[in-house]
Amino acid sequence: MHHRARLLPVLALLAGPALAGDDVRHQRGMATLDVITGGDAQQALDRLTDIAPELGAWIADFAYGDVVSRPALDLRSRELATVAALTALGNARPQLEAHIGGALNAGCTPREVLEVILQMAVYAGFPASLNGVAAARTVFAARGISPE
Amino acid sequence: MHHRARLLPVLALLAGPALAGDDVRHQRGMATLDVITGGDAQQALDRLTDIAPELGAWIADFAYGDVVSRPALDLRSRELATVAALTALGNARPQLEAHIGGALNAGCTPREVLEVILQMAVYAGFPASLNGVAAARTVFAARGISPE
Amino acid sequence: MHHRARLLPVLALLAGPALAGDDVRHQRGMATLDVITGGDAQQALDRLTDIAPELGAWIADFAYGDVVSRPALDLRSRELATVAALTALGNARPQLEAHIGGALNAGCTPREVLEVILQMAVYAGFPASLNGVAAARTVFAARGISPE
Amino acid sequence: MHHRARLLPVLALLAGPALAGDDVRHQRGMATLDVITGGDAQQALDRLTDIAPELGAWIADFAYGDVVSRPALDLRSRELATVAALTALGNARPQLEAHIGGALNAGCTPREVLEVILQMAVYAGFPASLNGVAAARTVFAARGISPE
Amino acid sequence: MHHRARLLPVLALLAGPALAGDDVRHQRGMATLDVITGGDAQQALDRLTDIAPELGAWIADFAYGDVVSRPALDLRSRELATVAALTALGNARPQLEAHIGGALNAGCTPREVLEVILQMAVYAGFPASLNGVAAARTVFAARGISPE
Amino acid sequence: MHHRARLLPVLALLAGPALAGDDVRHQRGMATLDVITGGDAQQALDRLTDIAPELGAWIADFAYGDVVSRPALDLRSRELATVAALTALGNARPQLEAHIGGALNAGCTPREVLEVILQMAVYAGFPASLNGVAAARTVFAARGISPE
């Protein structure tokens, strides 16, 4: 907040009316989402334009522009944290697969991603971990990779 | 938050084109949050300024400014939906109590709030509903009200 | 309860042994379930007769006869509350789709149903909301409708 | 509840065909709930009469009268299953403690109850199991018992 | 896994004091897992050797060797407890089906398994129970059996 | 597995019967648990000796000895993953507080821990994140620290 509060007037003066806060957030979010999706950020959001375009906008501007882009934690740690959470919750398979891919795109090794999923056996039980491994198998196979 | 709230009108004057997107979102969110909290929006966010002021900003600007303020569904239905979700999840008691109060502040009767909580016995089980009733009892008692 | 306690003896005397409490509950539940399923209440229950007919009976008599039929909250609000809860829980896709249809059958617009699902991004996270949108897409497509 | 409990036997005599469905369900449910609560069924329901007497009625008539009283599985196995589920869900501590007590009242040994809670480390993770053990400790201490 | 299974007896002979702790745990776990899977323990673990062989080892040695093999509760009660927990959690369908089969292999009747699943309507809601019934239908159909 | 399979025969030969697999696991687990608890590993387990000493043994030997000690992912990333999962699940407050402290003990900054908790607003909703912040506030206050 502080940082943003200090930056915005400068940006506003420099860029004129065009670069209001929402633009900054959107551009920042799309850049981060492009790293995570391997360049498919716009296509990912386009899949929502039929009935929920606002959800796509919130994902770009809020989820990735406001939150995941924050520099105080690196993207690799952020994606591992997301893989951990979605493996533990166990109720969002498509998003788990997307973030297993996102962790790889952010620079994690397949082994590191797997370690987080295996660790969830301790904190969320073996069924959650087993289903996380199944998600990893799908993502790894599509990329032709394997751990180690 | 305070800081920004004081700064933004000034920034808006300096930066031209009146209200940038973020200002609109913030003011709209605070107005909705004021309805839900019965006028305590700023105090609610202030409780986060010690270690998580950005979470307060996101609650005002995104959660209430972008999402809950949308006119396509009335605030009463929105608060009942939130009470339903938090009763079913069963893992966020402080927020459940806040939204039971929020539903009342938005114009729901105690009876309507209770009906949603009772209905969760069907969709999330009796323990979830029983704990929702306990939350309602706390909120109703603090206000000196009861259903019917 | 009170009301029922007063009504039942009268009904029993008038109708003889036929209209005991269970019959009233069943008929009331089936009527409500017919609204929600668009006339397919009996077929919905028939799908359970192979191995769990008692579950079908409890759905008709208890879930819809005792709970969802209560007049103190309208069916539209009840279905929106159910859509909210099932989107947030994220672990019951067939039932979520059924109640998205149920909300529409009870008189909600596609837009209202979507708003509740979108709102769950705030209270249960974006993955839950995204999977709720996917469920809505399926139901809307089968009916050839779209929001707005 | 009280009112009905007192009225129903009389009504049954007046209205003919002996026990109507609701009376049978209620009496059966109260009998089972009395085993589980160690004779406190009525007091358990009385705690709901202030704002949610219908929830108490559903617990007696549906939850215990229709479901838990079914003879096809013994009450010990039923209570162990409930302890397993509530330990795994981890979001209903008061009900978990009640059913740990219920399992003991139904004839389970403290050791058997603990075994189910420990087993949840495998299926729902160590935090769920640890909190289940804490619930068991509270119940065992209140009764002055310990496993083995 | 294979590798170790072949190596361990040899190591045990070489290293003296007969069976070290890990061997006992592994053999005990495989024996229990063989009861639950109807003799397919090794095949179940082999499905993990491609990317997560350690998870298979933990399942054999810890989950079944340390926990589920404990004699203080019979395997029938243990499997019913697992079916209860997985039905209530509602986010691990493959494992739920495996343990419905496991309960049958451990000596439960189809009726007993169904009773636990039906009971979850009370403690985790009807959607959880309905999806548990669907899982049971799949398992029962594959075995050509039905309750009672 | 592979690694262990290679190491164990050597250890067994060197150490004789004393250092069987279980000892290695236990010592490795206690060492890791000592880092996470800031030297209180034994005291943490001692709290379980009254009624669930086996749970303490599994935590030391399996959870920390087999899983969390694996060298393929650093302990800082592991603790952040655990904080993410427990914040998202929202049903294990004591363990969440313990692992917020564990992340700090493993070398994470308060800011990094907070970032993971804030990020859960995106993946598990604002209530989960708000309760995670409350847990962090408790831990930070007890240590007299704050983020940044």
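For reference, chains read A, B, C, D, E and F in written order, and residue numbers begin at 1 within each chain.
Criterion: a residue touches a chain if its C-beta (ideal position, glycine included) is under 8 Å from a C-beta of that chain, and two chains touch if they have at least 3 such contacts.
Bear in mind the structure is a predicted one, so any value in this text is a computation, not a measurement.
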| item | value |
| --- | --- |
| Chains touching both chain B and chain C | A, D, E, F |
| Chain whose average C-alpha position is farthest from chain D's own | A |
| Longest centre-to-centre distance from chain C, chain (CA-based) | F |
| Between chain A and chain E, centroid-to-centroid distance (C-alpha), Å | 34 |
| Distance between the centres, which are taken as Cα means, of chain E and chain B, whole angstrom | 44 |
| Touching two or more other chains - residues of chain A | 54, 58, 62-63, 67, 70, 86, 88-91, 95, 118, 120-124, 126-128 |
| Topology of the chain contact graph, where touching chains are joined (line, ring, star, complete, other) | complete |
| Residue ranges of chain C touching chain A (in the complex, touch as defined) | 89-91, 114, 117-118, 121, 126-131, 133-134, 136-137, 140, 146-147 |
| Chain F residues within the chain C interface of the complex | 88, 120-128 |
| For the chain D and chain E complex, residues of the former touching the latter | 62-63, 67-68, 70, 72-73, 77-78, 80-89, 95, 111-112, 115-116, 118-124 |
| Chain C contact footprint on chain A (complex, rising order) | 48, 50-52, 54-55, 58-59, 63, 86, 89-92, 94-95 |
| Residues of chain B defined as touching chain A within the complex | 1, 3-4, 7, 11, 14-17, 20-23, 53-54, 57-58, 62, 66-67, 70 |
